[in-house]
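Same chain, two partners: chain A is paired with chain B first, then with chain C.
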Partner chain A sequence: MKKILSAFTASLLAATLTTGIAQADDKIKVGFVYVGPIGDLGWTYRHDIGRLAIEKEFGDKVETTYLENVPEGAEAVKSITQLAETGHDIIFTTSFGFMDPTNEVAAQYPDVKFEHATGFKRESDNVSTFSARFYEGRVIQGLIAAKTTKTNKIGYIASFPIPEVVRGINAFQTELAKHNPDAVVDVKWVFTWFDPAKEAEAAQAFIDAGADIIVQHTDSPAAMAIAEKTDGIYAFGQASNMSRFGENSHLVSIVDNWDSYYVDRVAAVIDGSWSQTDTWWGLSKDGAGNGVGMVEMADYGNISEELKAEAMALEAALRSGERHALPCPIYKQDGELAEDCAAGEKHLKDFPTLVSMDWYVKGIEGSLPK
Partner chain B sequence: MIHLELRQNSNWWTSLRSITLALLITAAFSIAVLFLMSDKPADAIWQMLTFPWQGRRMEVQFGLVLQQAAYLAVIAIGLSVGYRANIWNIGAEGQFAFGSIGAYAAYLLIGSPDAAWAFPVLLLAGIIGGCLWALIPAFLRVTCNTNELLTSLMLVYVASHLLTYLCIGPLKGDPKAGQAETYPIADSVQASKLISGTELHTGLIVLLVAFVILAAILLFTLLGYRLKVAQHTPRAERFAGFSPNNTVWLSFAISGAMAGLAGAVYLTAETGKLIQAENYLENFGFAAIIIAFLGRLHPLGILLAALMISYVNVGASYIQASLQVDDSVAELIEVVALFAFLGCAVLDQYKVKFKRTTVRAAT
Partner chain C sequence: MNPETTLFLVNLLTAAVLLATPLLLAALGELVVEKSGVLNLGVEGMMLIGALFGYIAAYNFQTITCLEELIPGMCTKEQRVFTFPDYLLALVCAALAGAVLAALFGFLTQTLRANHVAVGLGLTILGAGLTNSLGSNFLGVNYTSVQVADHPEVFGQDILVWFSLVAVPVIWYALQKTRMGLVIRAVGENHDSAYALGYRVARIRFWCILFGGAMAGLAGAFIVLVHVDWKEGVTVGKGWLALALILFGTWKPLRVLCGAYIFGLLWASELRLDHLFPEYQLEWKTVLTTAPYIFTILVLVIISRNPRMIRQNAPASLGKPFNPPS
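Showing the complex of A and B:
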């Protein structure tokens, strides 16, 4: 006991002496604030893969820290502040609810760089925002669903009625209707991003009602697991490659790929060229086929070779920019032509249409929760 | 054999002794946990204790501690009123939410947010909102004799769904937002910062004043005495002409008002808008229950407990950022503290005696 005590006091003393020195090394410290656990197999898991890509790329030159399960809202100020206080040079905050807290903390630490995912506020020069055009992947899913469904009923599990989710639903419906006008999409709002029990329940309800394709815009593989249990039911994975949960049911997953963006941004901090940006990458970096984007299609499966070839051709066209995800003419739910199309645009514009999308396209039944 | 014997005269000395013992138990456990959870336990313990001086700016850390402590202390002292009289309001979280909703509703109604009286009106609306929501379980208890513990808890879920509903539907704000939220309130009705760069704002002064007023009432007035009587001897309460029903109404009204005030301050100072429940509520209403008991339902105790738990919480978030120690360590410490304090409180009222008194005589 005495030994342990004296060892403890000694190390305590050593700690006091070394903390000052430890902060002085010249490694670039990269911090991450995650909304979920890294083991969610979806959203946060993919951001953590991005963190590991940074470690792999820069090795000893960087040190990374992550905080998981950080609640969104005002409480996040504490977590983000602590990363800034402990000498991190660049901090990635990876959920929409961190937007106000990120901007609040950033204003106090002008020497620290902040990168906020899915937001639009950049109140000081040291805040950048980034987001992915996941809806490009929904187009491909729309095509596959149109040609795979036998019952012509498709269940769509949606999280919250926000632009990102609505864009996905509209992109899916538009392509679906093009190839199979008889197919009907039923959207169910579950008001959660991650709740395996609720997601599974929604998937089962769709199957019971005769749907044979399940689309999800939530983060857990629960819906895929439910589809796998019943013959003839297919599902699309979300956020990460979910093929291992649906050997006989997985069609394709939209995978979030933050790796190349994260590596680019940390490289910019290292060489001193970091500046404020607002990045929105799809399948490619520039929308014209160059670079690895933030959206990746993983593991086409359980479809014919012919359909697979068609899907991959569509993917290539979307990547190269030859095809836009939401080309004109696009009609709103009530049959009215979308404003952008009426104004003679070739496709829906990013600003303000896509970033604030709060209406359904023609063919979706029901209305957005109000 | 050990047995407990009722103490004839428990005084400040016996209290101090049991509190010290509880603190020691908590400290020992915390050290043990940090040894298990960190690969640099000595660093972790040292930084946990001294984190305000470890980071870049000390005032930032103290700001975070005081901010959290203020919310916890104000809600906890409100709850302690009922707990002293065996009336169990565990729904402060919902009353907090309703305080925020009340303040936001007042903001929409007043129409002139630039007026000097706008901010106080918002706070008052928060108090009323929290109070009204708390009176529902009081009403059910008085009229139908329902268990207020259950009804007050269930109303938390009703309140948080209502909050989310308002944000998705009738009060929906910026369509670009990736979460359900309302439009922000004007800058003129937001609490202003006392020290730039910290979490210290005028709202915390409001909370402090509310805390002091209620503490004075409980410690020095007849009303406070009456509630104390109700705790110890319900029959004496009746003989003295106090109605138990009135005690129910009163304690729910006070605890609801305090939680509502905290909710209004939170809206004006921290978020500036209503947000869907899971991104808005921080569990202050539930954490305050622990604070109330850690503080032994005494105003001074509650204040100290709120400061201690907030210090542990912020410290845990600091070592998570600096050493990657999971911050659930804070929750563990909190729970152990609660058990240690409740357990040691027994020593206040009872003496531990060993049965074979002959042993003592022999020495």
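Showing the complex of A and C:
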């Protein structure tokens, strides 16, 4: 009896582990690999909103599956292979650290389409990459921070020293220095995308050191909640609209909007027109004001009407392409003029400068961890 | 010392307390469990369950008064009050939730005599999965997007901080100086002898497991009610760190206390002393984050070279299955 009982309990435990992937032949199967939990209310949450947009758009024609909390690096191979093995037609891997695993699995499953977010490696024909120009939003945050800070100390919580994060820091600093040359940005690398306690601790460390504006490039709203607890501290949200976590402290959030890209790509799989691409959308699709891009600014708050109008005008200029996020002249940390600017460009070029950015602009203290 | 340095050290200690307290609570509970000869690797899962149900309880116990009503039923400005008795009730719920999950472990390992390691690992996965799904929808409320108001502190710290500090001598006294402690240790040292003396090994271990679960539940509640809000997977490996802490403290409550605060200080230093070696930021941070584990390995190496220390502190029957002669 005991044996039967323990076998029963064991199978019950096992049942909770499997995600229960059902088979259906005529439907297009779309798989997602997430680095964090959907409930992070930040990065992964927004990707899942994109997944729901696919379901809403195509209804019965598609079936979506997701795996959450997949660790970056070699371990991700297992999860991506699991989706490829179970008949998924297109698989979105939504973190920079899935770059090599995605390409590794893609080479073994030539019939499956792979879409990797924020990476740059497309080793086989069935891998596309896509990314958002979040740094356009950082420009607007730089303006607001410059005119809001009273202590002239700004804390920047950075996740990993990858081009996407470095671009954001540089765009922020460039605009900040333009409007308030006395303000200083302090960058703390936390080396995690999601660890609420650590994000909160980084924010607290900044506040203790006298900063009154917190910028984050991590996934949870923990830093915003810390800012809300202290009077006179303001913070910017990241990835999703974090205004509800900071009634008195939220300035503006950079919101990821993957919906239209995801719907476009799944539509391409359905009509057979899918091909390898490298997509990089900002506030608009083409950088000239057309279409809904991947970056959205949400809920300007806790600032004067005047500053709000100025920020929105800047947003409009960035969307229409009238203004570039990183216009020349841009000086590197050591005072040297950036190569693109020295070559007479009007702004920093996408290739190879922005995609592989690994240097700080002038005014940021400390060195970039390599 | 100039005031700036003093302030810096005070802030560093404040941050250290935030990490040390949940580690200490979870480790003290698990210490009693291990002293009774049971290895429960499910601390992380029990912490998550405790965290979620502590949070759910806290959210529902707080009093929300509407200050401005736009239309009836739609509140535009609300005031939340979370009193001290409410907080204590929420902590009780957290401890109970941890204990319920621990009871599952106890049933599988003590009643059905399943392997401790396998069930413990399963418990961690179950705890994570269960809280992920319940946290986003428990009776219609998404707990990842609601907030709990702050609660009163006692003598400048949270009550759980004092509780964890008081628990250290109490657990030491209970284990070393009382008859109950002697029985627990006897069961952990040699379950066959204890059984032969007439002690009900499985039952004694079951109670210890429940205690460990309750303490892990409190540790989880501390994280979500004192430090940050509830998020899926909010403990991020602290349960595993608590397990390492017991080895670090060689099963002695006072050493576990020291270890918890050393780990806490290391963790706080990582973000507050990161400009110490600007050229080697990455290496320096790596050293600080891995230090708890490296220290634990060092301690293990040192004690394993000294048979007397192991014999004195490590429970001899730790993790061994107990099959009473029938």
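Basically, the second predicted complex is superposed on the first by the 345 of 370 C-alpha atoms of A that agree within 3 Å, B and C clash if a C-alpha of one lies under 4 Å from a C-alpha of the other, contacts with A are read in each partner's own complex, and residues count from 1 in each chain.
Convention: a residue touches a chain if its C-beta (ideal position, glycine included) is under 8 Å from a C-beta of that chain, and two chains touch if they have at least 3 such contacts.
What you are looking at is a predicted structure, and each value in this text was computed from that prediction instead of being measured.
Residue contacts after overlaying the shared chain place A:Lys370 against chain B and chain C alike.
Contact with chain B, but none with chain C, is seen for A:Asp358 once the two complexes are overlaid on the shared chain. Look at A:Phe191: by the touch rule set out above, it reaches both chain B and chain C. Contacts of A:Ala171 after superposition on the shared chain: neither chain B nor chain C is touched.
In the superposed model, A:Ala200 makes contact with chain C only, not with chain B. Once the two complexes are laid over each other on the shared chain, residue contacts for A:Thr81 go to chain B alone; chain C is not touched. In the superposition on chain A, A:Ile90 makes contact with neither chain B nor chain C. In the superposition on chain A, contact of A:Phe160 is made with chain B only, not with chain C. Contacts of A:Leu67 after superposition on the shared chain: chain B is touched, whereas chain C is not.
Taken together, the two structures place residues 16, 161, 191, 369-370 of chain A in contact with chain B in one case and with chain C in the other. Those residues of chain C lying in contact with chain A across their complex are 7-8, 11, 15, 18-19, 108, 112, 114, 122, 125-126, 128-130, 132, 135-136, 142, 144-145, 147, 150, 223, 227-229, 231-234, 236, 238, 267-268, 271-272, 274-275, 278-279, 281-282, 285, 289. Residues 8, 11-12, 14-16, 19, 31, 65-67, 71-75, 77-79, 81-88, 96-97, 99-100, 108, 118-120, 160-164, 191, 355-358, 369-370 of chain A touch chain B in their complex. The part of chain A that touches chain C in the complex is made up of residues 2, 5-6, 9-10, 13, 16-17, 36-41, 68-69, 161, 188-191, 194-202, 204-205, 208, 220-222, 225, 229, 244-245, 366-367, 369-370.
Residues of chain B touching chain A in their complex: 40-43, 45-47, 54-57, 60-61, 64, 164, 168-169, 172, 174-180, 197, 199, 266, 270-272, 275-276, 278-280, 282, 314, 317-318, 320-322, 324, 327.
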